[in-house]
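Paired with subunit B in one complex and with subunit C in the other, subunit A is shared by the two complexes that follow.
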Partner chain A sequence: MIWHPDWAGVLTGQPLQWIISGFLTTLYVSMAGSVLATLLVVLLIALRLSQSRLARGAVAAFVSVFRNTPLLVQLLFWYFAAYGALPQSWRFYIGDTHAWAVFPGNIAWLTPEFVCAAWGLGLFTAAFLVEEVQAGLNSVPKGQTEAAISQGFSRKTLLLSILLPQALTNAWQPITGQYLNLMKLSSLATGIGFSELTYQVSQIESYNAHAFEGFAVGTLLYLALGMILGGLMTVFGPKRPQQRPQAEVNDGI
Partner chain B sequence: MQQDSLSTAATSAVFSHSNAAKTTAVEFRQVSKSFGHHPVIRNVSLSVASGDVVAVCGPSGSGKSTLIRLINQLETVTDGEILIHNKPTRGLNGPALRELRTHIGFVFQQFNLYAHLTAQDNVSLALIKVHGWKKSDARGKALALLTRVGLQDKAQHYPEQLSGGQQQRVAIARALVTDPDIILFDEPTSALDPEMIGEVLLVMQELAKSGITMIVVTHEMSFAREIADRVIFMDGGEILEQAEPEDFFLRPQHPRAQRFLQKVLFPLHPETGAGQ
Partner chain C sequence: MEFDWSVLHDNFTYMLWGRLADGEPGGVLLTLIMAVSAGVLALVLGVAMAALAWRFGGWTRKLLFLWASFIRGIPLIFVIFWLYFLLPVVFGGSIPGPLTVIIALAWFTSAAVMHSTLAGLESLPRGQTEAGIASGMSYSQVLLNVLLPQAWPNLLPSYLGLLISLVKDTSLAFIVNVPELTTVAGQVNNRVQIYPAEIFLFVGLMYYLLCASLAYVAGKSIKRRQALRA
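Moving on, here comes the complex of A and B:
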């Protein structure tokens, strides 16, 4: 049997609209989830480094719960269980259409699916990020801390000026990996009926049976998005001294 | 911009005596330190006058490094009291302890330069972050100190782009940036290649003439002999001998000091009598 792919079947008309909408939705929910994960990880690291045993215990419990359970189950929990427990007035409000809550490309973000997906992805990713940052902190030699302490640095200034810059540099690749995971794992939100990229290309399959073309385009879009996000994080991320452009390094060392 | 609540480096009631003639800078009163059940410093009493340059030597594991790390409380004493300019320091914590530390420079064996910062930023950082200086002023002072240690042309280099000797000179500039009146050195030349020891010792010699109080843990006998006012010999957590350098090197009293000197000065003849 000879089979010819029919790209026009997915790159025109209604299927194209779905793909564009799905791609933008994946992009936006990844960004929202990343912002949430970043805010959470700042909070979690602050709690973990505090003197309070209770706070450190809470972080340990958080990490344990969110790292050791499947993300799909977490998303189903947030969407079907936790969301339903919100006050009815909130749910009505979120369920309404709001002209101001629309991202470019006509993607509404104040919807139960978007909110639950971003929330679930943010919490899940934060649990991994906190351990990556911790590993980065552990990789900073003890002498750096001793030098700063002997100069009279407070714990907070030591952390912000000495330890975190080095920790983030050391752990930047694994940290980037976690943000890329967040983007890719957003495909699981198809399980709560969230119309992101995977949901939309699946829809093409039942619409005109162009499964190969649909998933091929979807895969390429994920690949492109991952490479662009990863590249941006590398370009704008912290650098080691030898990676920084410098005018006068080679004068006789 | 993150800043600590400390006041400027120069003003402090605790240190108002520091310019008086030959007051006591550092005093140990029956100080002991144990790690768990393992005693490292045993009942040490010691007095160092302002402006004195003291070399502390002894075999490895004798407690030399711990002795000076107790002064700026990188380690805390188990028993006894350490007075800095006649003020007890044992109960200090929080801002008062940080204030004390800004008046005591510390130079490490492994340099411990901030790896993510240039030489100039290494020196200026504490002024900006701990003392609230303006960035431009702090960088100006840092450059002046780097010039003093002969490294103005390396100001924009990162630690890993510098040789060991250069890194240690940056570390000395960093320790001096808050104008401490006491500076502690923990084996400052032990991690250096032999040809780089001289450049660091020359900076330390210049510093010794400036009137700052220096306590130097060292294996570098030329420093102890030529620059120090006094040599302290430690073994087993105790001070076994204190003497002027000439007396210590020519007429060591304690048998363990004699044995130590024999090994250090004549490593190929560890068993014959003291060097004649």
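Moving on, here comes the complex of A and C:
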């Protein structure tokens, strides 16, 4: 087969505009979803550590439902069923154009698609993140809790200053993986007609039949975004304290 | 909000097995067919890749890991798009949609199968391999008769976890209009328009039942394993 890729058909004019806008939309919706997921995880962990059986049962039910159903079905539910059940005045308001609700690059964020995608991604990812944080908490040795209690720490300080920092450090890699997954899964929002990167790339195919070039550019952009975000999370994430020199241990003896 | 479940009653068999009578399975049945066949393919591919990485190490291993991280780095939709585009070029004819999605899912999942299998193989004591080789077995005999049978019980829960992901991932066939459960539900929703909540709650429940029962089996097999060790 003799076939020459034509990159100009993708990297100029209208297709380029689509790709840029799609890339930015993917970036913004991932950030919005991540913020929502993070807030939810804080709430879920607080509920799970509470004394109330009802609260712990609610968290277990939430995690079970959101982990055992496909994200795409959840997105379809939020978009077609839940959004449609909102009061009509809300829907008119969200469906309206708002000059102030625009991210740089002319990406409107107060649209039904953006709101449903960010919401759906946030809830889905929270159900996975909470288990990663829990695994991190479980990995902290029991002696840490006992030592803190014997030193007179309150439950709150114990959790916030002793357990969580260690848990997050231990589980940072899988936590990063979940945030990266959120970014990749935002591609599913194309199923509710949300014009993020995947949607825009497939639009090129019907525009000028440059499917190969479009998919290649899309693939590279997702890979690059994943590497950059993953790198940033590793650099700015919690780190294990440096190993202490052996001599220090012998000092007191 | 008032629910009207008659929409489910009217479309129940269509959502369960699609147009099976016309020889075109759909709905839950197609979801299961795709998940299981992709699972079998992914298992074979993943174990084969793990075996290569285990046997040769070095560059082979590095290349396989690079390949796996490439697959993990892109969204599953893109794997499906690529295959929709490439398979007809390679095979010189049109490939049925469900088959394309099955191959895409298997390809995507095989990377994860490789990682878990390799971890399972390498968690076994080195002496097992050495004893096998010393007894005159070939590497493939060691792998098939000594290592894999021992690693299998440890690997089963992680394989079941991957199968759960596969069941959920078949929903992506919606994007390319292959008539499995999610697509079929989307069709019904487009046709009747006014009962999205009933339809998508039902679809969610179907997936939930499938995945939760698999998760239950996986949990049991972990417990049995722990009981054996104790």
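Throughout what follows, the second predicted complex is superposed on the first by the 242 of 253 C-alpha atoms of A that agree within 3 Å, B and C clash if a C-alpha of one lies under 4 Å from a C-alpha of the other, contacts with A are read in each partner's own complex, and residues count from 1 in each chain.
What we mean here is this: a residue touches a chain if its C-beta (ideal position, glycine included) is under 8 Å from a C-beta of that chain, and two chains touch if they have at least 3 such contacts.
All of these numbers come straight from a predicted model, not from anything done at the bench.
A.B. asks: Please determine, from the superposition on subunit A, whether subunit B and subunit C clash or fit.
C.D. replies: Here the two partners, once superposed via subunit A, fit next to each other without clashing.
A.B. asks: May I ask for the angle at the C-alpha centre of subunit A between those of subunit B and subunit C, rounded to a multiple of 10 degrees?
C.D. replies: Once the structures are overlaid on A, subunit A sees subunit B and subunit C at 100 degrees.
A.B. asks: If we overlay the two complexes on their shared chain A, which of subunit B and subunit C does A:223 touch? Say first, second, both or neither.
C.D. replies: Only subunit C; A:223 stays clear of subunit B.
A.B. asks: Who wins on subunit A residues touched, subunit B or subunit C?
C.D. replies: C
A.B. asks: Which partner chains sit in contact with A:241 here, subunit B, subunit C, both or neither? Use first/second/both/neither.
C.D. replies: Only subunit B is touched by A:241; subunit C is not.
A.B. asks: Can A:68 be said to touch subunit B (first), subunit C (second), both, or neither?
C.D. replies: A:68 contacts subunit C only, not subunit B.
A.B. asks: Considering only the touch criterion stated at the top, classify A:147 as touching first (subunit B), second (subunit C), both, or neither.
C.D. replies: First partner only.
A.B. asks: Give one of first, second, both or neither to describe whether A:157 is in contact with subunit B, with subunit C, with both, or with none.
C.D. replies: The answer is first: A:157 touches subunit B but not subunit C.
A.B. asks: Contact-wise, after the overlay, does A:165 reach subunit B, subunit C, both or neither (first, second, both, neither)?
C.D. replies: So A:165 only meets subunit B here.
A.B. asks: Give me, in Å and rounded to a whole number, the least C-alpha distance separating subunit B from subunit C in the superposition.
C.D. replies: Minimum over all C-alpha pairs of subunit B and subunit C: 21 Å.
A.B. asks: Both subunit B and subunit C touch subunit A; at which residues?
C.D. replies: Touching subunit B in the first complex and subunit C in the second, no residue of subunit A appears in both lists.
A.B. asks: Which stretch or stretches of subunit A touch subunit B in the complex?
C.D. replies: It is residues 141, 143-144, 146-154, 156-157, 160-162, 165-166, 169, 241-242, 246, 248-249, 251, 253 of subunit A that touch subunit B.
A.B. asks: Provide the residue numbers of subunit A that touch subunit C in the complex, in ascending order.
C.D. replies: 1, 64-65, 67-74, 76-77, 80-82, 84-85, 184-185, 187-188, 190-191, 198, 202, 211-212, 215, 218-219, 222-223, 226-227
A.B. asks: Help me check something: in the complex, which residues belonging to subunit C touch subunit A?
C.D. replies: It comes out as residues 1, 70, 73-78, 81-82, 85, 89, 164, 168-172, 174-175, 182, 185-186, 189, 196-197, 199-201, 203-204, 207-208, 211-212, 215.
A.B. asks: What part of subunit B is in contact with subunit A in the complex they form?
C.D. replies: Contact set of subunit B toward subunit A: 2-6, 72, 74, 98-99, 101-102, 104-106, 108, 110-116, 125-126, 129-130, 153, 156-163, 174, 178.
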